[in-house]
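Structure first, commentary second.
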Amino acid sequence: MNGHQKSWPIILVITILSAPLVLAYAYLFVDTITNSPPGSVVPHEFTLEHWSFLWQTRPGRLSIWRVTLNSLLFATTSAALVVVVSSMAGYVLSRLNVPGRSFFLAGVMLLHAFPAITLIVAIFIVLQMVGLYNSLIGVILVKAAIDMPLGIWLMKGFYDTVPWEIEMAGIQDGASRFTVWRKLVLPQVRPGIFALALFAFLLAWGEFILPQVLAPSGNAQVLSVYLASLIADDNNFDMALFKSVGLFYIAPVLVLFFVFQNYLMNIYGGGTKG
Amino acid sequence: MTISRLAIWAGAAAVALLGNIGIAAAQNVTISVWSGGTGPNDNYRVDAIEMAADILERERAIAGEDLNITVEKKAYPGWDDFKQALTLAAEAGNAPNIVVTGHEDIAPWSQSGLIVPAEDYLNLDAWPINDIYENLMEIASYGGVVYGLPQDAESRPFFFWKPHMKAIGYSDEDLEALPARVQAGEYTLANVLEDAKKMQDAGVVQAGYGFYPRPENGPDYWQFYTSFGGVMEEDGKLVLDKAAMQRFYQFFADAVAAGVTRKNHIGTPNDQWYSEVPSGKVGIWHGGTWHYARYVNQEGLKDFFGNIAFTLIPAGEGGKANTLTHPLVYLLTSKHGEDETTIAAELIKIASEPRINTLHAIKSAHLGIAHQQSNIDLYSSDRWAREATERLLPHANAMPNNTNFGVYWSAMWKGLESAWTGQKTPEQAVNDVEAELRNSLGEAIVIR
Amino acid sequence: MDASRDKTGLPPASGGAGRAPARRRLGLLDSSRGLGVLLLLPALVLVILFFLMPVVLTGVFAFTNMSTATGISGGAHQVSPGSLRVLTERYGMGELAERLGQPTYLVDERGLAALEETGIAPGIVASLRRGHLDESFASRREFERAIRALPDRPDTRTVKRISDAFSRSLANARFTDAGALVAAAEAIDPDLTPEEKDALASATYTGWSWTTDNFRRLTSSRDTTRVFFNTLFFVAMTLVFFNIGYAMFLAIATHYMPERPAGIFRIVWFLPRISPVVIYVLLWKWVAWDTGFLNAVLSDFGVRPRNWMLDSATQAWFFVIMINGFVGASMGMLIFASAIKAIPETHFHAASVDGAYRWQQVRHIILPQLKWPILFVTCYQTLSLLTSIEQTLLATDGGPGGATEVWSLWIYHTALNNYAGNLQYGYGAAMALVLVVIGIVLSLIYLRLFNYNALITRPRIEL
């Protein structure tokens, strides 16, 4: 890099700009295990009381563990679905000679302009017709469908980097196109698949509006809806509680992020380029 | 055998036949009940159904029927999520059997066939329905058909923090006389602004806390429209009284201009509002009868009557003092089996038993629904229930049951918000409301 | 990376020959076309179910007056006070409305015969005939009182069946279709004219009907202009200041920094994107609320506590744009950073030799290289911002006073949120359709801009 010796002014500026963000996340931790006197931001005592939601289920609410399980199911299943569907479709768009291929590829780009929220009433109707309203499966399908265009696009990008020679060799050895894809090409894009899986998992884990509208009640509640309803409930204003539930909710995200940050940043840095 | 005895026998046989003969087989029924706007103090809205189920099971057991009712309860703390979830669930065909909601939903939901008339399943002359206040039964009806049973009644008073009132010169006697003066129209909304200003000038409350109204949309705001002479509906047709609406908007714009109400007040978290008003941080505000329970049970207010005076909503120019009652109702939804709905109907009937309803009325500080509740000690010995009933209920209006009322309501609120926050002048706001309503409702609303 | 690819690639390739028999069995999997269709199938199903069908349905709904009151799946015919008023006012048939709509119960032989047919106890029929023949009642309650006073004292269900059998009006009756309605009306009044029947059928219909009113409402409503400009403002500001501007600043700043701090700052600024939206917005509220961080800090300096997020339209916009912008900045940051990285070092060296200052490097070397990434981010983020809703919904919910109401939020408020339980699906769908059309047009322009055809390389194996 250039001019390392004079980088401190920039670092200073960007540190100041980042401070509020860092502070907000830092206080997310601090406030969950301490109490502060009213009107102050300096904690004066340590406490675990804000975490009581882990072992005490509030009346009229699901147990946090049940909700967490739902979130886990929701995020993993929808990520798996996105990965399977996109790694199949992405290959077609990158390599295979199907009618309307370019049309479909353009379609994938167009789908980005059709976000769920504008169509949510109609999506509700579709779910209702297939009998999946207010069920986890229904939201999983919708979420997977919505993340799919990005997934296909990414996978196409990854497939594009696989050398043709590998496939040529496979075909010459007499393997079917399917086998070539399964046995030869897929292993080549393993890092891409992993990155996409991670990304789709995080997207689903954070999703709020879809489960809120399409699976609002009963046993399908996920963490985002749980937390939002806790905040919206005007009977228990307790910022520390919100933050504790929030930290519980965001913790897996942070862990995954810090461990796999390179994969995730690559998706934006490289994958969507073009 | 005489003819009449034959008839009795035949009648009994018919009853047994129609009444779903289940003498041997046990009948298991699951009845679900969802309730909106239901906090920790309001648990009897759904619990009453459970109690009713127990009674009904016993009644049927005596009749030789083995009925097993499982009640599935779901209480939503707010309204938006509840109505969204309920309407979508109903559209998807899995609405709960019983809904506890505001009476204003009856009109649209009966049109869509989401609910069925309760009177199709109930003998309205039987106890305890025949003891329910006639005006509440009317509010639970649409077009002369009784669609639901009132679940509670309430009304929405103005509150004054007594110590602050004294700080600006009111004596105990003055405060004692305040409710009557409000009712007579001697103490008006203009006085409210004056007194709020005085409190702020005297330094007993901070700027913006003199008059501290409800921080979100709610039926409450129709009271101010009424205070300024507005009418919501006439002969089954919605009415927009532009002049009254403008005076109503002007009042809130004035409150902001005088600095006694914050410009950004709307959107204050509800829980924050609930904890601030009974703490002496606020001079004058308005709420509902249930606030009593909230202040005393949840917010730690020790001496309600020593600290708070309550009155009707004072009159404004061109109108008179009033209050609004917004009864919740038990409604029966369609798309369930006849047997199930019959049982659900029985349950809401039994839940309206004065003794059971009194549990809700007193715990949540709502008002009773039936005459006989005044003969139940729990109710009659409760000072709040007694005084609020006497002082407020005789002057209570209700919102109309009208399919288009939701559109009107949204427009009214949007207009108020824009005038309040200074986005538009009250005059502009009213003109925009008028344009919006002409546009969306056309002939269904009378504008004058 | 390339080396490892070859390693993993080789062994299965040699095993491929052993799979030759399978090839014949799975003929579909062997041709490019067959396999392609098969592999595309799941994606197609999802696209059809959750993109195409909803779009088509939205297009259909947009031309209806659908709401909670009308229901989505079709309607019935209900004689209600509202429909009688329509009959009176719109069709001028007040007399007909009066005749059909006034509750009347008449105990006559026809009703008794019908009652007998339903298999009701003969004793009840007999006592009705004896006690009440030719008597009429003007309200159901009154009539049911009389029925309950019969010696048999029928149970509630039977009472309802009896009163039904003698109803001689349509008051509050509900019919599943127009045929049943007209038949019932004719049973009361055999001399109905065809016009009267038509008017009756259409006035009592509870379901939705086709209309272009939604678009008339949209074009003539003053809210439309306001929300439209709000949306424009929101997208432009967020895009310029954060998704491009701030992202660019971050990318360039981290470029001129040692690798370690650069990595840390990238991580910090990536946090908003990966944080679940509910908790992310909660953190902002914690900063801005009356009892929040900002007020706790500022109160020491004598600043009156206030809800900073909703204090004024300007402040609300400030927060809405920041909240959305912080999320958006990370994408641009990474894309720009990798584009800068791709600039050959020699360019910089040459520039420093020339004694160029950093600013000149940025201007003359970096920015020209970022032309296409900037264009790409602009296009991609315009579409994302147009439809972003969660952050704004949770933060200001369009407030104060509708100041931050943007188009997508407006759709949500119209179609899924109504205090009086009457959601406006049709009107909301019309708004959604507008956004869909804008989205499609923009994406087509973008595709053209990026020379879409260059993105597709022709398959090199024609099999």
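Note that the chains take the letters A, B and C in the order they are written out, and that residue 1 is the start of every chain.
What we mean here is this: a contact is a pair of C-beta atoms (placed from the backbone, for glycine too) under 8 Å apart; a residue touches a chain by one contact, two chains touch by 3 or more.
Chain-to-protein mapping (UniProt): A = Maltose/maltodextrin transport system permease protein MalG; B = ABC transporter substrate-binding protein; C = Carbohydrate ABC transporter membrane protein 1 (CUT1 family).
What you see is a predicted model, and the numbers here were worked out from it, not measured in a lab.
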Using the definition of touching given at the top, classify the network of chains in this structure as line, ring, star, complete or other. complete
Which two chains does the highest number of contacting C-beta pairs join? A-C
Starting from the Cα centroid of subunit C, hunt down the chain whose centroid lies farthest away. B
Please identify the chain lying most centrally, where each chain is represented by the average of its Cα atoms. C
How many angstrom lie between the centres of subunit B and subunit C, each centre taken as the mean Cα position? 29
Centre distance in Å when subunit A and subunit B are each reduced to the mean of their C-alpha atoms: 41
Taking the mean of the C-alpha atoms as each chain's centre, how many Å separate subunit A from subunit C? 20
Show the residues in subunit B shared as contacts by 2 or more other chains, in ascending order. 84, 91, 269, 272
Contacts with two or more other chains occur in subunit C at residues 72, 291, 416
Note the residues in subunit A that touch 2 or more other chains, in rising order. 213
In the complex of these two chains, what residues of subunit A are touching subunit C? 1-4, 7, 10-11, 13-14, 18, 20-25, 27-28, 38-41, 84-86, 88-89, 91-92, 95-99, 101-102, 104-107, 109-115, 117-123, 125-126, 130, 141-142, 144-146, 148, 152, 160, 162-164, 166-171, 173-181, 183-184, 187-188, 202, 205-209, 213, 223-224, 227-228, 231, 239, 242-243, 246-247, 249-250, 253, 257-258, 261, 264-265, 268-270, 272-274
In the complex formed with subunit B, which residues of subunit A make contact? 59-60, 124, 127-128, 133-134, 212-213, 216-218, 229, 232-237
Given the complex, residues on subunit C that touch subunit A span 5, 8-9, 12-17, 19-20, 22-23, 26, 29-33, 35-37, 39-40, 42-43, 46-47, 49-51, 53-55, 57-58, 61, 72, 250, 253-259, 261, 265-272, 274-279, 282-284, 286-287, 291, 293, 296-297, 299, 326, 330-331, 334-335, 337-338, 348, 352, 358, 361, 373, 376, 380, 383-384, 387, 389-390, 393-394, 408, 411-412, 415-416, 425, 428-429, 432, 435-436, 439-440, 442-444, 446-447, 450, 452-453, 455-457, 459-463
In the complex, subunit B residues that touch subunit C: 3-4, 6-8, 10-11, 13-15, 18-19, 79-80, 83-84, 86-87, 91, 101-102, 104-105, 107-114, 117, 119-125, 142-145, 206-207, 217-218, 236-237, 262-264, 266-269, 272, 342, 402-407, 409-410, 413-414, 417-423, 432, 435-436, 439-440, 443
Inside the complex, what are the residues of subunit C that reach subunit B? 67-73, 75-76, 78, 80-82, 85, 89-90, 103, 120-124, 126-127, 139-141, 144-145, 148, 151-160, 171-172, 174, 206, 216-217, 220-223, 289-291, 304, 306-307, 310-313, 396-397, 399-403, 416-424, 427
